[in-house]
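Some structures to go through are shown next.
Presented sequentially are two complexes of chain A, the first with chain B as partner and the second with chain C.
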Partner chain A sequence: MFEDKRTGLALALPAAVFAAALFLLPVGILLSEGFRNADGWSLAPYVEFFASGRNRVVFLRTLKLAALVAGVSAVIGYATAFAIVSLPPASRGRVFALVTLPLMISPVARTYAWLVILGRTGFVNQMLVGSGLLDTPLRLLFTETAVFIGLLQLFLPLMIISLVSAMENMPRDAVPAARVLGANWFQVFARVILPLTREGLVVGGTLVFTGSMTAYITPAILGGAKVLMLETLLYQRVTVANDFASASVIAMILMVMAFSANLLLKRLATARRAR
Partner chain B sequence: MTRRPAKTRLLAAASLSALALAPAAHAADKTLTISVYSFAQDEFKEIVYDPFEEICGCDIVVETGNSVERLAKIEANKDDPVIDMAVLSTHDAMGAARKDLLQPVDVSKLSNYDKLYDIAKDPLGDHLGIGYTFYATSIVYRSDKVTVESWADLMSPELAGNVAFPDVTTNQGPPALYMLGQAMGSEGYDLTPAIEEVAAHADDIVTYYVRSSQLAQLMQQEEIWAAPVGRFAWGRFKDNGLPMEWATPKEGQTGGMNVMVMTANNGNEDLALQFMDFWLSTEVQTALAEALVDSPANAEVEVSDEVAENLTYGAETVASLKLLPPDVILDSRESWLEEWNAKVLK
Partner chain C sequence: MSDYVALDGLTLAYGKTVAVEGLDLSIAKGELITLLGPSGCGKSTTMRAIAGLMTPSAGRIVIDGRDVTRLPPSKREVGLVFQSYALFPHLTVYENVAFGLRLKSAPDLDAKVRDGLATVGLSDFAQRAPRDLSGGQQQRVALARSLVMEPKVLLLDEPLSNLDARLRLEMRMELQRVQKETGITMVFVTHDQAEALALADRIVLMRDGAIEQTGTPEEIYSAPVSGFAADFVGFETILPDGAGGGLAWRPGAVVLGSGPNEGKVRGTAFAGERREYILESPLGTIKADTPAGAAPLEIGQSVAFDLPRERAAHLARLD
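Moving on to the complex of A and B:
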């Protein structure tokens, strides 16, 4: 684009300096805290972190819930996205707007709504007890189920949006062609839709997985101290114990998990293409 | 001693007031920097800060935050203190004192010192902290559902699945565990039996709460029927439309105290002492009590029954409080947390 390559570099310089000085450097300093102990550089903080049974439980719970939310939102997301792209363009816009509407409401407000809905005198329990299905209300709040529901509602729109835009780029005739050639719906999905939308799935999956893993408000309000996740544990370490070493260990773990999830999803997507 | 940050702030304050075309009410040659809890700052400004600025002809710079942040800041500026006086819980103040961040308060210069309740006069020893408020901690409960007469009732079958307990990381956590231990017959300040008791009933406890506002909401939503809570939060419960009662357990009530401290070598001792004395005066303590901000540590304060109902008030109440000693909390806090994490949150 530029005759002299240096012009491009010069133009990128201010942003690069800004990002390096105000983002990369502080993040580097923060994360390096986790590799230090009294004797100097060491992996001991990581060994110590995983030596605690409570920390392992929190780590596995975070991994499990984030994977579950990503998986379930992919299933619901594909169904919803397919339904949306099958609509005529005019109503497609309206339905799409409905899907994105929750994103415009603060996560705090959305999570508080769940606090009321899932409560002992909330909507869900009133329906269950009122219809005679249950004698006593279920304990839903402060459980993994509550955190799962909250996170799914929070991040599902991101998956749907990614998949809708992937499907819109799919050749219009691909699905009818596969059907005409005798493929059943499962084959259509596995061999036509999935390979053609894998980039949307990678983007959506990474967003939902990373988002669920690093969400603070939802696990704090719907899970509390009984259902600690890495992010709520991090907050506890900093504000209560002033323990920045553990906090940077957790921050590093979260970052590694996010990058791994992205790599893994990309790998899965390309593996399918190679076959 | 150089106090450059204060000067910078002074300049900023001066230019701001010039911008607002405000008359230079304060001579602004003196500045007092205080570190306080972020709660009720509007009331404190009206009752304490603004009137004191009028009296001293100085500017008050207020720094707020949670205890961990504020303590970290005092420690970081140890060699050139920015904060002149701070208010802290007794155990946080003791922690600061052990790190040599504090100096004794010269109580001979506090004209209101003799008016304080005895427990507020010297809770840390050496006059390192002067109590300015305290609170009782007991159990709030739904009187239409249960009766609570002992701390042990929290773990009763009637309350199983209907009770919340303060998280061990909160200021209410260890005192509540202490009283639960007392009810179980524990001796001294060993919280292990109480932590094990909570662990044994983990499935019966709805949540370990962190904030009293969160607790008030759970009570309102009928998620819980009982929980240990500080008296300062009682106002949030008593008018929630449900039959609420404040327990007087047979083992007694526990609680906590906050103290004023003087940072070491701040070079601003006279002004800080003048400010402390003002805060402890009958007039200011009465106004703070009537605004339901802080229970008075000044024994001369008299308030109406209606106001007293929301506070920890009166010599008898004050004398009956079973407080955990600050050095015990400070020395054991980490081990309690570890034990709690291992047994209760396993």
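Moving on to the complex of A and C:
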């Protein structure tokens, strides 16, 4: 585009300096905290972090919940996205707007709504106890299930949006063509829809997985101190324990997990296509 | 049962909108039938119902003695070639043709795929991606993909309408050749009367979700039953006969320059070999043409004309 490569570089320079000074440098300093102890450079903070059974539980729980939310939202997302693209164009717009509506509501408000629904005297328990199904209310809040439900509701729209736009790019009659050629619905999905929407699944999967992993408000409100996730643990380490080394370790873990998830999903997508 | 494919009182609806109502049609084995009609007449809907992509709200579909009305598309042994080709972009030409065969683990898959590609003249394109092919080539892949499944009926939904005029003629002849070679029963959907006349053993002319007229191309072309049917095959002057029916003339059948009637030229257009005229007359609007070499008539000019009875089509209904 530019005759002179240097013109492009010069134009990019202000943004590069800005990003380096105000983002990369602080992040570097912060992360370097995790590679130091009293004697100088060391991996001790990492060793200490993973030596604690409680930390390992939080780490695995975070990984498990984020993967679960990504997986379940992919299943629900495919069904919803297929239903949306099968609608006539006029109503498609309306339903799509409904899907995106939650994204416009504050996550704090959305998460507090779950307190009302899942609380001891909340909607679900009133139904269960009121109908005589249970004698005492269930403890629904401050469980992994509550965090899972909250995260799923929070991030499902991102998966649906990614999959809808991927499906809109499929050739119009690809699905009926496969059905007439003898494919049942499972085969239509595995052999036509999935390969043609892989990019959308990678984007949606990465967004939902990293989003769930790094969410703070939802695990803080619905999980509390009973169901810590890495993000709530990080906050606790910094504000309660003033333990910057652990916090830095957690930040690094989150970053590595986010990048790995993206690379892994991309790898999965291209590996299957090469066959 | 002698009918190979039978549609029996078929009613098809999208929600509350009825697209086809009470349609009866039987197709013989090896027949090439075209469903002809303007857009919205229900011809594509009928075809989708035969393929199983749409569930009838009433009526039955029988293929080769088997009631398939409630069967999914995968169990019907029909082929469908889409207007949009609908090739799978993530698969090579070879894998597109092999798609259905793999699903039923067909023996001799490779030989069948190569045979299919050879039938449509694309043997050298097996490893290409669909997007690297021209429209005509993509259409041929779609055809091969359906043919290798050896369907009982091959349905074609306006398969030529996305091709340019020359390719269309070429593909039309190709389809006829394939049909002769394989003896396959074909249902061809089109809105183009010239295409229908050239291809079909029998034409089913549809209107508003019902059959208007069924007949050989000759019958449809020369003996329309109604004003609608006449208009659709080029009878442009349609007048009541005074007994509830009508009379219809093609532009070339109207005699200009002599005759008992008088009309005023309201419009004219040069169409290469012919010159076309629209006349306003006490009888109604008359459409006529003359050889291009004849002296042209001016707009506004009065001219005598004749509507010879022996060249008129007699319509049972005027509408």
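Simple rule for what comes next: the second predicted complex is superposed on the first by the 273 of 275 C-alpha atoms of A that agree within 3 Å, B and C clash if a C-alpha of one lies under 4 Å from a C-alpha of the other, contacts with A are read in each partner's own complex, and residues count from 1 in each chain.
Throughout what follows, a contact is a pair of C-beta atoms (placed from the backbone, for glycine too) under 8 Å apart; a residue touches a chain by one contact, two chains touch by 3 or more.
Computed from a predicted structure; not experimentally measured.
Room for both chain B and chain C is found when the two structures are superposed via chain A, with no clash between them. When the two complexes are overlaid on their common chain A, residue A:226 makes contact with chain B while staying clear of chain C. In the superposed model, A:116 makes contact with chain B only, not with chain C.
Within the superposed three-chain model, A:236 lies in touch with chain B and out of touch with chain C [touch as defined at top]. By the document's definition of touching, of the two partners only chain C reaches A:181; chain B does not. Aligning the two complexes via chain A yields an angle of 150° at the C-alpha centre of chain A, spanning the centres of chain B and chain C, rounded to a multiple of 10. Within the superposed three-chain model, A:52 lies in touch with chain B and out of touch with chain C [touch as defined at top]. For the pair chain B and chain C, the minimum alpha-carbon spacing after aligning on chain A is 47 Å. Contact residues on chain B toward chain A in their complex (touch as defined above): 66, 68, 71-72, 161, 167, 169, 202, 206-210, 217, 221-223, 334, 337, 341-342, 345-346. Touching chain A in their complex are the following residues of chain C: 48, 51-53, 72-74, 76, 78-80, 82, 84-90, 99-100, 103-104, 145-146, 149. Considering their complex, residues 171-174, 176-184, 187, 191-192, 195-196, 273 of chain A touch chain C. Residue ranges on chain A touching chain B, taken from their complex, read 52-54, 57, 115-116, 119-122, 139, 141-142, 224-226, 228, 236, 238-242.
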